[in-house]
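After this come two complexes, each holding chain A, first together with chain B and then together with chain C.
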Partner chain A sequence: MSSIRYAEFKSRPYYGVLEPASALEHLIVAEGEGAHAVMELVAKAPAGFTSQATLLYAEGPYSPDNGNTEALRELGFARFHTSATAAAAVPRLEGALERLKMSTEVYLTGSESALSIFVKACTDAGLDYQGLQTEHRGSLARRVQCVHCKGITENVTTQPATCAHCGLLLLVRDHYSRRIGAFQGVNINAEDPSDIPAKEEMFR
Partner chain B sequence: MSTPAAIDVVVSEVVEVNSLIKRFHFKRPDGAPLPAFSGGAHIIIEMQDGDQTRRVPYSLMSSPLDTSDYQCSIRRDDEGRGGSLYMHREVVPGMQMTISPPANLFALDLRANKHLMIAGGIGITPFLAQSSQLERTGGQYELHYGVRSRELGAYIDELQDRLQHRLHMYYDEHNEAMDFDTLLSTQPAGTHLYVCGPAPMIEKVLDTARAAGWPESHVHFEHFSKAPPGEAFSAELSESGISVEVAREQTLLEAMEAAGVDAPYLCRGGACGQCETDVVECDGEIMHEDFWLEDDERASGKKIMPCVSRFRGKRLVIAR
Partner chain C sequence: MGSTASLPTFKDGTYRDDFSFKNSPETVVRAPFPFDKDEYMYAVNMELHKDGRKGTAYEEPIDMDEHYLAEMRDRALVLDEDPLRCQSLPHMEMAGWDTLELLMECKAASFPEAFSLERDGDQWHWINRPMGIDQHFTFGDATTLPYGPLEYITRQAQGDFVVLDERDGNLWMDAGMVTTQADWSLDFDIGMNFFEWHAPVPLAHEKGIFQRALKYLLAVQQSNPARRLNWTMTVNPRLDTSPENYHQWGPENTHITPENVADKLFLRIELQSFWRLPRSNAILFPIRCYLLSMRDLSTVPKWATRMHRVLKSLPPELSSYKGLDNFREIAIDWLSEYDDGSPTTPGPFPD
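So, the complex of A and B:
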């Protein structure tokens, strides 16, 4: 598991470790290597936990499946659905949130990008982000919003990064927008576009 | 100045709501509008009771859309320190008084998809203001209101007219109790819960919500602890270099103010945290009455909230 470098930015999301909570129901959304966080959560939980729980599992794209899906299926969740990617899991997550009661604990785990997508779906449904349990597993690749054209580029791993929409070279900041669910990217060479700093892989 | 600037007002009306509750209306002497406030806000009423100055928080119950006056409903508490008794016995229309500007420690979270309000007895007052606010701004809400009896329940008719199907009444005299388990397990995502009323009711709602898995950030409560009377005690103020005597029906904060110490405060009900003070020395027991300190802070004996908490023992020195 990679560790997150906590920056001075207050807005930079902080992730914890999933812990079984006292609640009438449980909604768990996991992506990729988050499968292992779910297995650890279930191992810590009292018997009968999974019979009150729904699991939405997005398999990739960064982690080859490695049998995770089958291992999760065997845990006996009351409802278990898979999807190819975090983005593909969102419609089902939105549906689950529409029916969700406040007596449901929500657990989210996966890559930094997946967590951005899941947390935003939950806050859009009216849940306060402080009430969501999150655990980071897998890639640190970021969703980045270009502050100039507002386009969002997925799976950004380099510093600087090229905006997939307007092509500007962006400095990826730790400044995070919960409303948009993305880190902010600001043009790094506005004064002299011919000055092109080398890209380094920063968010593996 | 560490305390909020005061507003001079005139008592424009006093209405007997029922045998226990009176409603007080305050206006500016020149009739100009009072400061804007939001539903759930309170003011602090200053009372000159003989040689004692009392400052007591009360919720604003009037509509936030109308600042031509402020209205507070006050239940007479015969066991309290005397603030409500003073209001009931001494305050008459035409009297000049001083109040604080409004402050809100019980505001609606406007990100909510739905507001679920639970009131017990006189705890209805902030919800009167909040429901008026939501009528104008829109927003889904429902109010569950428990009272001892039809006779002692305040504003039931007005609420029925305004809220209609959004109001759910529960009468003790008919053995009707709120079913918190069902209520709190059936609320849709994005609901925010608000509770105001007697301490045991608040505790029960908070416990039920916690056990059912409600996130803390969706649960709001207001219980101005009614700084209870207690035995007299003395306290040394290390920064001011003086000692104060706290009488039976006085609070430590009031005793400091009477001695000319400008101590910070906002709610005077143990809720806001403004008056938190370090304890330098404590040979005895601090009786914590606030809702602010964490359990470990209370146990440490290093903090006190002088607006509500008291002391029993040999020596108390606080950093003020």
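So, the complex of A and C:
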């Protein structure tokens, strides 16, 4: 994943590559394909890294049988918890953030949607987003907030997209709010509601 | 703040439904016309906000015109429907009090017949005669006001108000009262830094406009406010062109015809100013909106000529970003009657 493409739009988040930091403890939160970013992180890290690390892993809905969970378990994390999805991991993440000690490095990886959720949980807990390590793996599906009804639609892959709450057809913009953890959706055919553009798969 | 300005006679008028808003001729000629040349491109068009020309919107540091009461009524209606138009992140309380102090002081100094402020330590007494408000309160104690300090005072001041926190060498949009916006959402943008909330603006990032503008703003000091102008165009005199309600007002963008363009299409001018606040070190960013119909412009020949030339030469990206594509050609045709091709005099003011 090139981070340069992401950086072009100034409010859109861009992601890097997880690098082991010299910290007393490590809190790693991963979703889905992010499992591979965690494996690569551990491979780069000095011996003993995982014994100072907590891993929260969201496997993906309905626990896909892809071996990721078992492979991660074998890395020997001091604490290792699994959950079904990024959203389901949030209560445990919030608990971990509440107990976070000084000199803990936070690593987040997974799909665009999962990263939105994880970063928001961290900033809501008072962490500075600039101190978080992030790496994108997997889907580019977006969380989109309808600017009209304020509802958030998960896993948006099309342009335009239908708001799951008020039903308006939304142009999915690149404009992104970290506070909300979502891209902005604005009614695409407000000027002429009879003009209904076809949906295209844009965010896979 | 030298001599005080004469108090305008307040007019009724609505910014919605029957759109009965109308400028008097005096209000037209005092407007802060945004074009000092016959063409427009983004620039860091900042200047000191001081010693404003008499009889113009620049005369007083915080302007008030004949639409004051009508605009405050419209703001109250917007807030009734959508309280999220006024928000303040928790660390911005002090900046809210700074804002209240600045606006009360400016209003009382500029328009003493309308406003008065008496202070005895932290016991303050504020009178707003046009709105019929007489309020005793304790400065710094929000429980002594009917709203938080930012909301309280900006329900009594024309224009939007955004409060920018300064940290990490950047400005963060961390509070605001936004009900007269040109299609942007405080609720979505709150918490963003200077580059992030400007992300949707085309062309200007590449030109380094925002880098330079931020540098200028970070250098703004107390007692030396700065200002710039911005503009777009709006169908009907609608102050609240919010993205939240775009699905409701959007269809109006297609309603301009050669027959109605003179009275239905408005130049929307933003007089933006920037004030360093004393306790919080935040920057108060008022964005005051002035609406001039094409017919209003035609009463000032230089302005109609210039508007014609600006619209003709506007880069397509800007026309599209500002949402002018539906009616730009119709406006150009109507304004062409006021452009005989002769040169205009320098500067923005009427001849």
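Here, the second predicted complex is superposed on the first by the 192 of 204 C-alpha atoms of A that agree within 3 Å, B and C clash if a C-alpha of one lies under 4 Å from a C-alpha of the other, contacts with A are read in each partner's own complex, and residues count from 1 in each chain.
Basically, a contact is a pair of C-beta atoms (placed from the backbone, for glycine too) under 8 Å apart; a residue touches a chain by one contact, two chains touch by 3 or more.
Note that this is a predicted model, so its numbers are computed, not measured.
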| item | value |
| --- | --- |
| Chain B versus chain C as contact partner of A:75, first or second or both or neither | neither |
| Which superposed partner A:105 touches (first chain B, second chain C, both, neither) | first |
| Partner chain in contact with A:126 - chain B first, chain C second, else both or neither | first |
| Which superposed partner A:202 touches (first chain B, second chain C, both, neither) | neither |
| Chain B versus chain C, judged by how many residues of chain A each one touches | C |
| First, second, both or neither for A:140, with chain B first and chain C second | neither |
| Which of chain B and chain C A:39 touches, first, second, both or neither | neither |
| First (chain B), second (chain C), both or neither touched by A:192 | second |
| First (chain B), second (chain C), both or neither touched by A:25 | first |
| Overlap of chain C and chain B interfaces on chain A (superposed complexes) | 130 |
| Residue ranges of chain A touching chain C (in the complex, touch as defined) | 9-12, 130, 145, 147-148, 150, 168, 173-180, 184, 186-187, 190-193 |
| Interfacial residue positions of chain B with respect to chain A in the complex | 109, 111-113, 184-191, 193, 210-218 |
| Residue numbers on chain A that touch chain B, as the complex places them | 21-25, 97-98, 100-105, 125-128, 130-132 |
| Chain C to chain A touching residues, read off their complex | 84, 168, 185, 187-192, 195-200, 205, 243-248, 250-251, 253-254, 326 |
